[in-house]
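The following blocks contain the structures, represented as structure tokens.
Below, chain A partners chain B and then partners chain C, in two separate complexes.
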Partner chain A sequence: MADLTWHPARSHGGRDHRSLRVGASAVIMAAVLLAVLLVPPLVPMDAQAVDLAAKLQAPSLAHPFGTDEVGRDLLLRCVYGLRVSLLVGVVAALTATVIGTAVGALAGALGGWADRAVMRVVDLFSSVPHLLLGIFIVAMFRPGVWPVIISVGLTHWLSTARIVRAEVLSLRGRPFVDAAVSGGASRWRVAVRHLLPGVLPRAGLAAVLMVPHAIWHESALSFLGLGLPAHEASLGIMVNSARSSLLAGDWWPTLFPGLFIIVPTLAVAGLAGAWRERLDPRRRSELML
Partner chain B sequence: MSILKSLPWGPMARMTGRRALLAVPVLLAVTFGVFAIAAASPFDPVKAYAGTAGLTASQENLDQIRHNLGVDQPLITRWWDWLTGALTGDLGDSASLRAPVSQVIGERIGWSVLLCALAFVLAVLLGTVLGVLAARRRGGLLDRTVTGAAYALEAAPPFWLGLLAIWLCALKFGMLPAGGLTDTGSGTATAGQVARHVVLPALVLAVSQLPWFVLYVRQGVGDALAEDPVRGARSRGLRERTVLLQHALRSGLLPVLTLIGSRVPELITGALLVETVFSWPGIAAATVQAATSVDFPLLAALTVLATAAVLAGNLLSDLLYGLADPRVAFDG
Partner chain C sequence: MLDLMDITAGYDRARPVVRGVSLSVAPGEAVGLLGPSGCGKSTLAKVAALLHRPDRGSVVVDGRAAPGWRHRAPRELRTAFGVVFQQPRLAADPRLRLADLIAEPLRAAGRRGEAAERLAELVPRVGLGPELLGRRPHEVSDGQLQRACLARALVLRPRWLICDEMTAMLDASTTAALVAVVEEYRAESGAGLLAVGHDRVLLERWCDRTVRWEALAQHASSRPRAAVR
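Coming up: the complex of A and B.
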């Protein structure tokens, strides 16, 4: 006999699971931010200190993540690497968000043929794979911090532009905009005072969700040797330089920098999911990434 | 074959034709963009060509090289020359791989297609199984495990997954080769060797594509489970297996299958990283090599090729969508 009962109460994960997830995300995020902001100025340890006598030591109490091929402490290097990745990721995500918001707001506010032309450009950009276009840009402008940021900015603005345009289009038809226009507000005033505040929460959410993507993109470029210069030891560069140790059988210099990419990404996704549910309670945060 | 006859061939062909026409301006714009970026770049192909000899060479010699390479021409002229050359099959020469670009692509594209096709089929199969298992009892332990793992895998960089797979499968247990197409020292690629070498890269590429399928199948099947046909099937006393596989899966999987064409960009992104990690001799690894050595002719051709693949994927997606849902007309 088949089980006829269907449990809708359990169909979206219990309340307790969700609040647990958000709480864990908040704790991890706080720990990550504290570590990257406070460890470099406060902890008097040199992440570049070479100790050839202690090279490639497995994780232990003295070195919780082990040491790399020249004896540098991997936990400390991961924190410094995350700092570099996070800094580049935040700047790159902001660049992408500013481009996307400007383009999307322009398309939504102007409407007509200008809107269609702008959306054609968005379609054009989305028909070249992100990483490939990023690789092309970095290859032509030589690896460095700014080419990486520009590469992320030029490839990741599309989704933000679409979101902002849709939001502007929906706001434009609301009564308060009509009221402002009939009250004699200029085009510029309507855009800045009435449309922009309505768009900002969505753009902000898009920017936060963009940071992990930017870090992902940067670490992929850096891993391929097309990203940051080698002395800016980001997480991707650490994974790249760990390749020879990995082939000799030492897994820890590869494993931990990767975990330092994954765990903060999950924390950001968890927090952004909660934020999105507040913005739009009808939509469940089922598919976030 | 009545099913083949019943397909709307006419509208599908018309849609394909329209899309092919629309693809022309897109591809033209992409080629022009590629040349424009190269023109704006500070990189000087003459210095790269001359190498250290360029430091001592006379200005006349450098100018001669510049003329021979064709980079003294204005942007529009160079773009037009490349375009007319490309139409006759001449894509220029790759400096880093020392062969005509068309030959490089011809030799390598088969390996990339093999790897990507295997990975894609694997991802669809695994994703369907895991998605259905997760959707069966949403919020349950299995669901939370699968969903959590999917989010973690989505966040994990494929190159990192590839390296860990090499460590685990090739070094630790010595089951599978760590990279390349054939065993070292072996000149020709036999089917058996290729089959053993493709397992690990295909598996890693599949796993990197897996989260999307799992989450969408879970969503689709889960939603279908809450709909009336399923409730009806349950109330008729059908077995849970029948309800799940014949009712919920069929209606839940359809929207997912129609979207697979739009996954081409992500597949290319994954291939760029996985082929590089596993030294797989495909075009994605060649793209990375071309970028590292600023091999513009090869990089330009591969970028355009990838764009064409994305457009073809979008077309496939829309065709499948029209087939799966008769209410959607073939007029995009």
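Coming up: the complex of A and C.
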């Protein structure tokens, strides 16, 4: 009798690659969250403490990331800056997602002329470079965290609105909506019970993918001097004020804040990508930066 | 009486799939509508159930012309129809457990209290085991899901049943079981039935009268114009 044992094919390298990426992202995010949540209450150092005698010191044991041009400890300032960035990133992404979901669901659920009108407004907003629009909004307020959040939130709901609208349109045409209508469900009930739950996973994913983007915007606005007040620890401000010393050969005041912008955002994007692949395995994840 | 009068309907005004069709179903009568795939009979079934607005024509239910379609039709008129669709997978909200799926029309009507009683009556009648009620659509077979969809269509005790290719996806024994459930319901309630399908043998055995699509429609889709565009 023939040997009927079955040997599963060996998995491709891609899968291990992916789990490595997810694992690394998770470890980085855990470290970042621990640092951001624990350092400010536990470490009794002042991120604003100036020590002109110790300015522009290279990384050492006392200052692992070195000091900046007025002698402030860079590691501490990086942690505080990341704290602000994460706050802005998460709140702005949530704001953008709530606006985008509401607009997209409204357009998709109403259909017809209302849909067309709303989506032309979305197109109109998309035609303006959103950093420019963001700068315009943030310039109307005093520097601070909230203007940055408002600015990023108000300029980043467009893609979410498009995603949610498309999803609602595709769900709306399915027979189970017909069945609900025939069963006596009101418009509101169809929207809340049948359409919205189908859209929420995708909206949640859009929110997470928006976080790195929002962090980059906060850094960009701060770099341009429009974000937070100049003395605050913000990664964008730190990169900006370190530019002059970079030319003198002092690399650490730009490198470390730069890494603190890039590495955590890539980690968030890595986790979001894994989530998207679970949600929709046929589509390869791409970064939304 | 359910009267479809001179219905022209479709998804593009320039190219209707149903042209000038009239059809009547008397209370307690079972009418089979027989036609090939893609001829527009499902569209006509949706119009009859007030789920699709026709370009022209009217639907008269018990002497009262339907004032609107979908949400614009009054709730008690919409729920006078129990609709069973061809593909149970698409006709079931994938997030609802079968018990919620069947009871959903009762909840939408604010009659949640009756749900337990109606479920206890309907579930054995359509041949579902009580252990299936906690499962979601992807955890049951097509046949089991279609049984649940039939129970959902019956839960509000409709006066008219519209079965759009109800058994096309099912094997012979499930088909026989579901048709028996429909007939049992009609015998006790006197509901009228419009059964749409392409299985001539089934429809002729099931229904009092079978109408061929070609006889109804004035050359409805005999000359498709899609290729010209």
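We take it that the second predicted complex is superposed on the first by the 265 of 289 C-alpha atoms of A that agree within 3 Å, B and C clash if a C-alpha of one lies under 4 Å from a C-alpha of the other, contacts with A are read in each partner's own complex, and residues count from 1 in each chain.
We adopt the following convention: a contact is a pair of C-beta atoms (placed from the backbone, for glycine too) under 8 Å apart; a residue touches a chain by one contact, two chains touch by 3 or more.
Everything quoted here is computed from the prediction, not taken from an experiment.
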Touched partner set for A:191, first chain B, second chain C, both or neither: neither
Partner chain in contact with A:141 - chain B first, chain C second, else both or neither: first
Contacts of A:102 with chain B and chain C, given as first, second, both or neither: neither
Chain B versus chain C as contact partner of A:129, first or second or both or neither: first
Partner chain in contact with A:224 - chain B first, chain C second, else both or neither: first
Partner chain(s) touched by A:94 [first = chain B, second = chain C, both, neither]: neither
Partner with the higher number of touched chain A residues, chain C or chain B: B
Touched partner set for A:28, first chain B, second chain C, both or neither: neither
Contact residues of chain A, present in both the chain B and the chain C interface: none
Touch list for chain B against partner chain A, complex: 26, 29-30, 34, 37-38, 40-43, 137-140, 143-144, 151-152, 154-157, 159-160, 163-164, 166-167, 171-172, 178, 211, 215-216, 219, 222, 225-226, 231, 234-235, 237-240, 243, 264-266, 268-269, 272-273, 276, 287-288, 290-292, 294, 296, 299, 302-303, 306-307, 310-311, 314
Touching residues (chain side chain A, partner chain C) in the complex: 174-176, 178-187, 189, 193-194, 197-198
Chain C residues within the chain A interface of the complex: 46, 49-51, 70-71, 75, 78-79, 81-83, 85, 87, 90-95, 104-105, 108-109, 149, 152, 156
Chain B contact footprint on chain A (complex, rising order): 1-4, 6-8, 10-14, 17, 123-124, 126-133, 135-142, 212, 216, 219-220, 223-226, 236, 239, 242-243, 246-247, 249, 251, 254-255, 257-258, 261-262, 265-266, 269, 286-289
